[in-house]
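Across the two complexes that follow, chain A remains constant while its partner is chain B and subsequently chain C.
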Partner chain A sequence: MIVGGISIRELPRKKYLLPGNSSCPGCPEALGLRYLGMALGDRVILVVPAGCSTVIEGLAPNYSMRFPIVNVPFASADAVASGVATAKEVLGEDAVVVVWAGDGATADIGFATLSGAAERGDNIIHICVDNEAYMNTGIQRSSLTPYGAWTTTTWTGKKERKKDVPLIMLMHKVPYVATASVGYPMDFIEKLRRAASIKGFKYIHLHAPCPTGWRFDPSLTVEVAKLAVETGMWILFEAINGKVKISPSSLPYRDRSRRKPIRDYIKIQGRFRALTDKELRKLESMVDDVWDTLIKFT
Partner chain B sequence: MKLVVMHLTGNYAVAWAVKLSRVKVVSAYPITPQTTIVEKISEFIESGMMDAKIVRVESEHSALATVFGAASSGVRAFTATSSHGLMYMYEMVWWSAGARVPIVMAIVTRTIGAPWNIWSDHSDFMSQRDTGWLMIFAEHNQEVLDSVIQLFRITEDPRVYLPGMIALDAFILSHTTEPVDVPDQSLVDSFLPSRRQPYTFKSGDPITMGNLPSNPRDNMKMRWDVHESLVAAKKVIMEVDREWGELTGRSYGGLIECYRCSDAKYFIIGVGAWVGDMREAVDMLRSEGYEVGLIKLRFVRPFPAEELAEVVRGGKGAIVFDRSVSAGSAGPLYLDTVAHLGALNVGVPVKNVIAGIAGVDVTYNDIAGVVRSFIEEIESKGVVSNYVEWYFG
Partner chain C sequence: MSEISHILPLSKPKEGISKTGTWRLKKPVIDHSKCVKCLMCWLHCPESTIDVVESSEKFVEVNYEFCKGCGVCANVCPVKAISMVPEG
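Presenting the complex of A and B:
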């Protein structure tokens, strides 16, 4: 299989996330970490704020990863990464400094830090592993939880829409912004490699369906991830120097009529079980709105 | 030895010390009265006088985070802040100590709101005493410069490997110009070896720091080791101060410095810039016949318990001046002092004076007056009636 010039045969076989780690069955973060290893391998220094990945690492003195990991407080990740990258520049050492942060550490508690590093153009890649709620603390809502979704702090469904962080990062005029999905590994790997080749601040937003928090069968992680793209709920794109290009896997769904019904996406997840038809129509119009806004930048 | 005397504010003395220590990464967020430290360092870097990078972050939390990232990745790093800035970075203060990353931070001591107030007291600095950092106070601008350089050496000593913070009083030192001997770069280079640290993050080397422990007892041992290393730092502090004395002719006694203590019966105990006023008060009281001496604590962490006990033992009383308070209890310096003196069987009455909070001016006349009353009360009654006294001037 060859996507975007990368052959799966060329990817390193070395495992950067070891078997037997403490992720939940069907964990999208575990998928994402494997792809990160395949894409960038030994060049990575990972900066990890509090979140599920803190647990996936395993309990010291055991360790489930082959990346160096700087574990850091919640709101500090991008600033720590800036420090690491600056030190490596001073020392003349090669390193791809990657922040691996959830939706909380990206869009909420860590947002000022993210924005600061982006505005300064610090030489790091921020990956937002978006499982659309605070999963590690027990499925509480975040600003990236979609409209209508149940969480343990929104029992009747979230009343607010999902914050559009990729577009906010685009408005920081950073050299690279992309979205990705754990259902499209080659697309993600290609974007990671492109990001690593660019100096300055890079942002990749990785959609990460979470069986535990979204209430679906752990065997369906990739299927749910793909449905998100096929229904237009999640749009894969890439923006180099501000120019947005819809990625090939999402391109057909620019045409609304080619998208699968959003109902297909939400009905296989328990978190939307209380969604009324009226709320579904509101959710659909929000999705159209996200597309309309994004297309203006293409 | 050649003396190069410059006229420096306390803040510029910090900046010069940072430059002489060959710091490679500086990160900070402006706050009065710290700001001119980083302004000066920026000027050094942009004019090519200093080979370092400065990361101009969006908050103090990020300032210490950036410095932590740089220091844990192999370079000497520095930040500075005050008051609310220190409160905002509090989480990173703990994290840096727990991670055993040598870092030096200057705290220009300023009171904490509400209400807004930029004047000096020690509330910000003293509130950090449980974090695991080395904590040193400076009395004057020469000591500021010397202590910053010493602190890099102490924090990077393998027997210590902890971060350290230095306090200089807002405006009294930070914005007041004094003659300061700025040593040669070659002298500092001979004193300060290249960067040492317990581990370094680099690509291809899969180490981790800070993941969850499988056994909380291991975690408790890490905390115990922070404590043990602070206690072990006492020896390093003494060595470093002695060596600096040999190189520059300036020594500060290491942990504590005594002034007119040898035949004293009563002891004033204090930290920071107003120690200078306490010296004047001692001279004044001595001229009146009072047998009083001064113990200046340089370090509050590690707390020089035995060193203090040795001086006070056999005396008739001690009076501790705190420029901060643990509300609902007493001044933090007093609490440490009475706990350790008591445990070490130094059975003298100890009084606490809480003064100078929020920048209230305290003169040597004020200090002498309070000490005079204290001595007279002990001499006449044998006890202290009001052992925690708030002095408003």
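Presenting the complex of A and C:
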């Protein structure tokens, strides 16, 4: 299989996420970390704020990844990464500094330093691993939880819409903004390699369906990620210097009639079980709204 | 570095921190005669427990010591060569 000039056979076989780590079965973050290793390999320096990734690393004196990692408090991730990137530049060493943050560390708690680093144009990649709630602490709502989804703090379904962080980052006028999904690994790897070749602040939003928090069977992680794209709930795009281009995997779904019904996506997840037909229609209109807004930038 | 590493909060990478194979309820069994060598299972395994061996009788193999039995590989296999068999 060759996608975007990358062949699956040419991907490095070295393990960057080591077996025996403490991620849940079917973990999308573990998948994402593997793809990060396949895309950029030994050049990566990770900056990880609190989240599931910290748990996947494990306890001292050992950890289960082959990346050098700096573990930092929630709100400081991008500020630390800026420092690491500048230090590497002063030393003249080649490194790709990657902030691997969850949706809470990106859109809620860590947003100030994210916005600051984007404004300064620091040479880092911020990857938001969006599993749509605070999964590590026990599935509490975040500002990236979609409308109607159950969490332990929204028992009857969330009443507010999902914050559109990729577009907020686009409005920072950074050189590279992209969305990706764990269901489309080659697309994600291609975007990571492109981001690493650009100097300045890069933002990648990775959609990561979490079996534990979304209440579906662990074997369906990739299937749910693909369904999110096929129903139009998640849009894959990339924007180089502000010019938005919808990625090939999402392009057919620009046409509303070609999208699968959103009911297909929500019925396999336990977190939407309390959604009424009226709320479903509202969710559908929100999805159309997100598409309409994005298409205006293309 | 090594003489001060015991007083710094540093960790080192290690494979197999815990034997996660014991978490497994169902075990993926590969039918090698059906395998089309597409590498989809290797690409999508969240645990890095599928190894590409490329020998004459099998192309990929599962490391059962660490496989958590999530079943993603069985779902992504385009020819359904992987079946999930209950443990024990």
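Worth a mention:
Following the convention adopted for this analysis, the second predicted complex is superposed on the first by the 298 of 298 C-alpha atoms of A that agree within 3 Å, B and C clash if a C-alpha of one lies under 4 Å from a C-alpha of the other, contacts with A are read in each partner's own complex, and residues count from 1 in each chain.
To be clear about the criterion, a contact is a pair of C-beta atoms (placed from the backbone, for glycine too) under 8 Å apart; a residue touches a chain by one contact, two chains touch by 3 or more.
The structure presented is a predicted model; accordingly, all values stated were derived computationally and were not measured.
Touch criterion not met for A:L206: it reaches neither chain B nor chain C.
Of the two partner chains placed around the shared chain by superposition, neither chain B nor chain C is touched by A:L275. With both structures placed on the common chain, the touch criterion links A:R120 to chain B but leaves chain C unconnected.
Judged by the touch definition given at the top, the superposed model places A:V55 against chain B, while chain C stays out of reach. Of the two partner chains placed by superposition, only chain B is touched by A:A87; chain C is not.
In the superposed pair of complexes, A:A79 makes contact with chain B only, with no contact to chain C. Once the two complexes are overlaid on the shared chain, A:V98 sits clear of chain B and of chain C alike. Touch criterion met: A:A30 reaches chain C, while chain B stays clear of it. Of the two partner chains placed around the shared chain by superposition, chain B is the only one that A:I45 touches, whereas chain C remains out of contact.
Common to the chain B and chain C contact sets on chain A are residues 57-63, 65-66. Interface residues of chain A, counted against chain B in their complex, comprise 42-45, 47, 54-55, 57-63, 65-73, 75-91, 93-96, 112-113, 115-116, 119-120, 122. Against chain A, the residues of chain C that register as touching in their complex are 9-20, 23, 38-39, 43-49, 52, 63, 65-66, 68-72, 74-76, 84.
Contact residues on chain B toward chain A in their complex (touch as defined above): 24-25, 27, 52-53, 55-59, 61-63, 65-75, 77, 91-92, 95, 201-214, 218.
Of all residues in chain A, those touching chain C in their complex are 1, 8-9, 11, 13, 15, 17-23, 25-28, 30-31, 34, 57-66, 185, 211, 217-223.
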